[in-house]
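Multiple structures follow.
Next come two complexes built around chain A: one with chain B, the other with chain C.
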Partner chain A sequence: MRRKAIIIWLIAATLVAVVAWQARQAHLALQNPAIISGYSALAVMIALVLFNVRKKLSMIPLVSARVWLIIHVAFGVALLPMVWLHTGSLWPEGLYEQVLIGLFYLVSGSGIFGYWLSLTVPRRLRHLGGEIIYERIPHELHEVREQVKQLIFEAVEASGHETLTLEYKQSLAWFFARPRFFFSHLSGSRRPSAWQEQKAQSLKPFLGEAEMRSFEKIERLMDYKNKVDGHYAAQSFLKYWLYFHLPVSLSLIIFVLWHVLLVHLYAL
Partner chain B sequence: MANGIKLVDRPKRWQTPFGPDMSDVDIDRILASKPFSSMDQDKFPASTSLRDIIRFDARIIRAEPGQIILREGEYGNSAFAILSGQVQIVLGDGLPPNLLGRSDDKGKSYAQAFAQLWQNNKHAEARKLQVNTATDSENQFVVLKDLNQVFNDYKCAPLPAGQLFGELAALGRMPRTASVFVDQPTKLLEIRWQGIREISRFNAEFKQAIDTKYRENALRQHLQATDLFTHAPDEAFEEIVASTLFETHGSFDWYLDYKSGKRTEPVIASEGDYPDGLLLVRAGFARVYRSLGSGQQTLTYLSAGDLYGFHEVYDQSQGKESRLETSLSALGYVDLIRIPLPLLEKYVFPHMTPPEFRLRDHKNKPLENNLAEDWLVYNRFINATAAMVIDLDSCVRCDDCVRACASTHDGNPRFKRHGKVFDNWMVTNACMHCIDPVCMIGCPTGAIHRSAQGGEVIINDDTCIGCGTCAASCPYDNITVVEIADGAGRAVVDPVSHKPIQKATKCDLCHTNPGGPACVQACPHDALFRVDFDTINPLNKV
Partner chain C sequence: MSDFPPQDRFAHNKSNYERPTKGYVCGRAAFWGKPCASGPDANGGCGGVADCQPFKEGDRWECRRTASQGGKCAAGPNPDGSCCNQRPPCAPVPSVRRQRGRLALVGAVLAICVLGMTLFFDSRSESGTVKTNTLFSNPGELSDVHHAFSAGEGCQTCHLIEEDSVVPSGFVAVIPRQDIQAGCVNCHEFGGPAASPHNDADLAGNTNCTNCHTEHQGRFANLTQTTNQQCAFCHEQKFDNFADHVAFDDRFPSLRAGQIVFDHNKHVKFHFQDKKYADAAPAGCTDCHQSEAAGRRVDVKNFEQMCASCHLPNIVESAKGEMAFLDLPKLKLKRAAELAAFNACGAEPGETFKSNGKSRSNPFINWLLGAEPKKKVKFAEAYCGLLQDLRKDGIGAIFSRMSERGVAATPAMFSGISRELVSQVTEQWITNERYRPPKQKLPKGVSELGWYVDRKGDLKYKPVSHADPVAMAWIDFAKRLDSAGAGKLASKLTLSILSDDKGLGACGKCHNQSTMPAAPDSETSVALASSAWHSMADAPHHRFVFNHDAHLSLVGARNTNFADSSTGCAVCHKINDESNYAKVVRKKDQAAYQSNFQALTTDTCAQCHNEESIQADCRMCHQYHEEPRFSNRVLDTMGARK
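On to the complex of A and B.
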């Protein structure tokens, strides 16, 4: 696969060089070089969109998705100099052109960001431990919540004190209700475990022996909940960056097609 | 899912006979011929009478001269009794692929595969609710045109009426070991292996005969296939077969213990024992280990074709005092051939250079290097020929693999992206298409079977009665029983019991799909592989 990747990147680089050379030749021949760079960029954009089409056609062998992803990334990167060649600057004049380049930067940026996520987040997920299917996270949290409630009932029954019940109402219910500390988990901050330690420190002096036994089990469930929250945060990010990248890409394509139409109607 | 239910009779065993046109007259004739004529019909229970076994688990094949009945290398699920005429078994290297009419399994064309895009049912587990007669691509017979040429060019052995053949592969869940064709008009009774199993249960002589033949044939065929005796003259083979022992250790039903959490491993040989012969693995798996502290260090595992004790018996033959350097235990079950030292001294050792690699050399690896193999062996993943392994360091959990699987299976994914994890590797709950597919053992209708060409373990949805035996047998929980719906999404319910109709489902390795497993093709991050663990067995790298 490494050899294939090198070949694809070389082809992408060659394409940029060929387009630049052709545009230069057109410029020297007193023709409009923007036609060559513009249509080349449009062709590459369409090729990039085909990656998503390939995903829908997985029942037929259209080259492995891995090769398509390399093409998507390599030609996506190659598109940057081609577009700059076309616009002649990093930020062109004219409102419509600025909207167009703005969308292009958003698509490129989100694409690069998504690729970086795909390289880094899986390792973080593995280091979190366990493997939790995203769609099952609500079920996992429900199970944890029910276990915590049961432990508290047992503790109250055994001790006759309501300390744990009060603590649950005041803060633990908030913690167990849904995934928490989203951005802390994303950034790898210690805030979730610090919060947990603080709760434990403040509560333990008031717990009797029976309550302590239950609370130790609750602490283990809090550890597990933190792990689930970590999975939720990381997997949400992996899933939802596409929800930004795809609509913006679609908007870009529509704006580009309108741009081509306008150019043909009024500029050529 | 749409509201409402659809009432459909619950499929039963024998609802779909193996052959649709078996008449009472045919059955009477079959029962009067060998080997059935000598069977005591009273020993069969009324619910599984011999007559019903013949009626539902067998079919008559009238073969014309030149017709190929079995093709070497293909997987089959049935045996054949010769009612009249005779068959020819091709010996030696066998017939070439062009004569065997080898062709790919009938799969989907590109157009049919593409059409799934809009033809897949939008309802989960929807079926067309039609029951077809059992089909087996193996029985799309090929005919040899020039029989005289075949007899001139290939060594053949005749098998007369009254004999049974093909039971070895059918019962052992292995590929056919020889091609068989007919050279005169011949009437055969094809019996699917479920029928053979039933007859064996209620007729001790038949079981005895099958067992004896199974052991004899397996022993002979395996010795002929091994490279060990390439220098032995043909006339020595009788002596080799007669002096060699065939042993089975562990249980053929090992998965029952495994599922209940037991990991029984009967010891076959112990470190320090006297080496009285070479052990050759014929089928199954065995673990090689040594004592370390108060535990055991797994060194490697052995599978079909591997040898144990080679160096020790070689040293013995050179007059050195030698003891077994490692221990050996059966993983589930293992068939072994024990070749005595005198045979090796006579036919093997004079023609070879001293072996360099010893099984004990595996212990020179750091302990942590053994962990992965230990884990594979402990979980019996070594049984896999196509385990779905995901690299969790690359997987972005996008589920493109699951969606690709669903898109090639009428909208229903056939695996769960979930499973046991070691380090960054996850072996998911997808059918591993085992070397020893124990899921096939209890299937009452033969719905779960190996495909003739590729040997993938697949389920015939039409003949599956949803009993769940295969799902209960699968040691890896890779078969799921689902409740089906009709094309409109209505639940399909049995009118008598009012319970939903179920079907067993699993990964079929996209065996009819052009391009192979869609899950592998669909992974953009190169994180998903189908792995045959035997190919990464250290013994294969030596």
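On to the complex of A and C.
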């Protein structure tokens, strides 16, 4: 895969060089280099959009999604110099062109951010351990919750005390109800485990032997819940950045198509 | 509990198969509960109000709860076939994918709305004039130089918009590009066709202003920026820096003789060293050349400042040039036809007529009459007609006849001529009386000047001084005659006027006749003829740009002398001792012309203009356009504003 990635990046770099050279030749020939750089950028943009189409056509064997991702990233990065070549500046004149380049920067920026996430988040997930399918997280939490409730019932039955029941009502129910400490997990903070330790430390002096045995099991479930929460936070972030990238990309494509239309109306 | 979470919890019989592409997720899962096995339906409705959908086999209903949900229930289906484990429906929520899709749709709709809004911004005024649309159709601010003049008519100043244009008014900038050039030439004019390369009609190809000049790049954009490589696209000789510049012409920069014949070599090496002229001789180049007004050329001072001190006495005192105008031709008429023709003059000669005139042939009269004296009948008839008209109209008869001959006279040609002189010569010929010169003789050493009648009775002109306007007008006439190519008689007249001995050709000793343009007509001839006599009035390198002023201070040209050739003008302009300048110039053969300076080579310029020190782009020395200027429309507008 590394070899494939190098080849794809080289192709992207070569494309930029070829477009730059062609545009330069057009400029020297007193022609309009923006036509070459503009249409090349449009072609690359369409190729980038095809990545999304490819994801929707997963049943067709159109190269692996991983290769498509590398293509998407490499050509997305190559698009930046091509667009600068086209505009001739980082911030062009004209309101429409400024809106267009603004959208382009937002798409590029969010794309680069997403790529960074795709590199760093899996590392975090690996660090957390385990494999949890995002869509199954509610089910997992439900199962953990049921297990905790079961343990508390058993402890009450065995000890005759309701200390754990009260604690569950006061704080554990909140903790197990849904994923917690989203941003703490995202930033890799120790806050969730600290919260857990603090609860354990404050509760343990009041527990009898039978309750303690149940609570130790509950603690292991809390550890597991923290892991699930970590997965949830990381995987959510991997999915939610697209909430920005995709709509802005679509807006950009519409603005680009209108721009192409305007350019051709000029030439009528 | 020790094996939680169980490793096989996702086994096919213990969990549902997840489908992330589905549009909705179970409402229970949305509240972090256990999702049902069925999940939402395609429309987002709850599909899990029962654990299963019992199946009727024969006359019995069978439970179909999946293994992952615990398998067949003990109670089994109700008698009506419904599941016994009923629960209230949930409210499914859109999946992440569907939410992203909806947001993308919102983004697209917003983009279309924003674009659509621009269609409603009508920038046409009531009069139909299209103003500048400052919204989305404006591709960028105009440069400072064009910013102001488009304020009145807006886009239409440059862009031509058809009345029935289908383009919505919100996009008024969307106008045919090929019309841009028509807008440009409204204000910009050149010394040749605007659409030809270098405005040179002889160069093939078409150019457009927008090839090089791109507007809407902001107020501070440089519209005239071009690169060496752009020049090299058309030019066969391609190079990146001045060191590789093609060799200059062998005679550069003096490709052809100037209008003043001045042998620098002879003057600097001999005359200025002569003790006789020590007081008048200049010490250095800038004594004659006006360094304080240096531009592309360093023009010389005028005759009075430079040449008169040595040359004026010679010009006035020893001037031989004179020009015969109206003379008394020698005619002997014998035959009846010849005599009948002559009778037109009103005289009554005898059987044989012999005029008292002494002149044989006057090229001017011959050209004017279109006949020579040897063709006696024709000449006599015409000559008599001319004399009659001269008697009646005076010098006006000459003007009208010259116009008829195709080369009109100018008033300057007959400036100072008196009616009496013309009448005197006319009458004596008609009456065939011998001319009697005045008894008063001129003092010794003093000769006739201006219009006078010589001892033969011929009316002549002799220049009064340097830059004599009558002589200049006649030389200009000779050149017009020459360029008109009016036949053998005209050629003879031209040679006669420009003759060193019998005409005004002595002027040509210093004024190079072969480079002087002829004035086109009588109205402008005086001014043009006058300008043609100045030094370096012609500009052979029309698209070559050079500023002497910027270089003079570098070489220390001011206050230098001829003796020191290491500084000043001599750094670049070195006298060529071997040049045969004067001899070649007199031959009037431009092809053989030799400057009396050594030719400049690219090495001369490359002393400073090289990659290490001063870079030289093509446009530092060459301008693309031929005589770029504003049109009268612009000048009128500016005048009206003032």
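The criterion applied here is as follows: the second predicted complex is superposed on the first by the 248 of 268 C-alpha atoms of A that agree within 3 Å, B and C clash if a C-alpha of one lies under 4 Å from a C-alpha of the other, contacts with A are read in each partner's own complex, and residues count from 1 in each chain.
Just so we're on the same page, a residue touches a chain if its C-beta (ideal position, glycine included) is under 8 Å from a C-beta of that chain, and two chains touch if they have at least 3 such contacts.
Computed from a prediction, not measured in an experiment: that's the story for all the values here.
Once the two complexes are laid over each other on the shared chain, residue contacts for A:L141 go to chain C alone; chain B is not touched.
Taking chain A as the reference, the larger set of touched residues comes from C, when chain B and chain C are compared.
After overlaying the two complexes on the shared chain, residue contacts for A:F153 are found with neither chain B nor chain C.
Touch criterion not met for A:W174: it reaches neither chain B nor chain C. Of the two partner chains, neither chain B nor chain C is touched by A:F206. Of the two partner chains, chain B and chain C are each touched by A:I133. Touch criterion met: A:A65 reaches chain B, while chain C stays clear of it. Of the two partner chains placed by the overlay, only chain C lies in contact with A:Y224; chain B stays clear of it.
Common to the chain B-facing and chain C-facing surfaces of chain A are residues 133-134, 239. The touching residues of chain A, counted against chain B in their complex, run 1, 55-61, 64-66, 68-69, 117-118, 121-123, 125-126, 131, 133-134, 235, 238-239. Of all residues in chain B, only 110, 113-114, 116-117, 392-398, 400, 403-404, 407-408, 417-418, 421, 424, 426, 513-516, 518, 520-527 touch chain A in the complex they form. Touching chain A in their complex are the following residues of chain C: 1, 4-5, 9-10, 15, 18, 20, 25, 28-35, 96, 99-100, 103-108, 110-112, 114-115, 134-141, 167, 171, 173-177, 207, 211-212, 216-218, 227, 229-230, 232-233. Of all the residues in chain A, the ones that touch chain C in their complex are 27-31, 88, 92-97, 99, 133-136, 138-144, 147, 151, 177-179, 217, 220-221, 224, 239, 242-243, 246-251, 254-255, 258, 262, 265-268.
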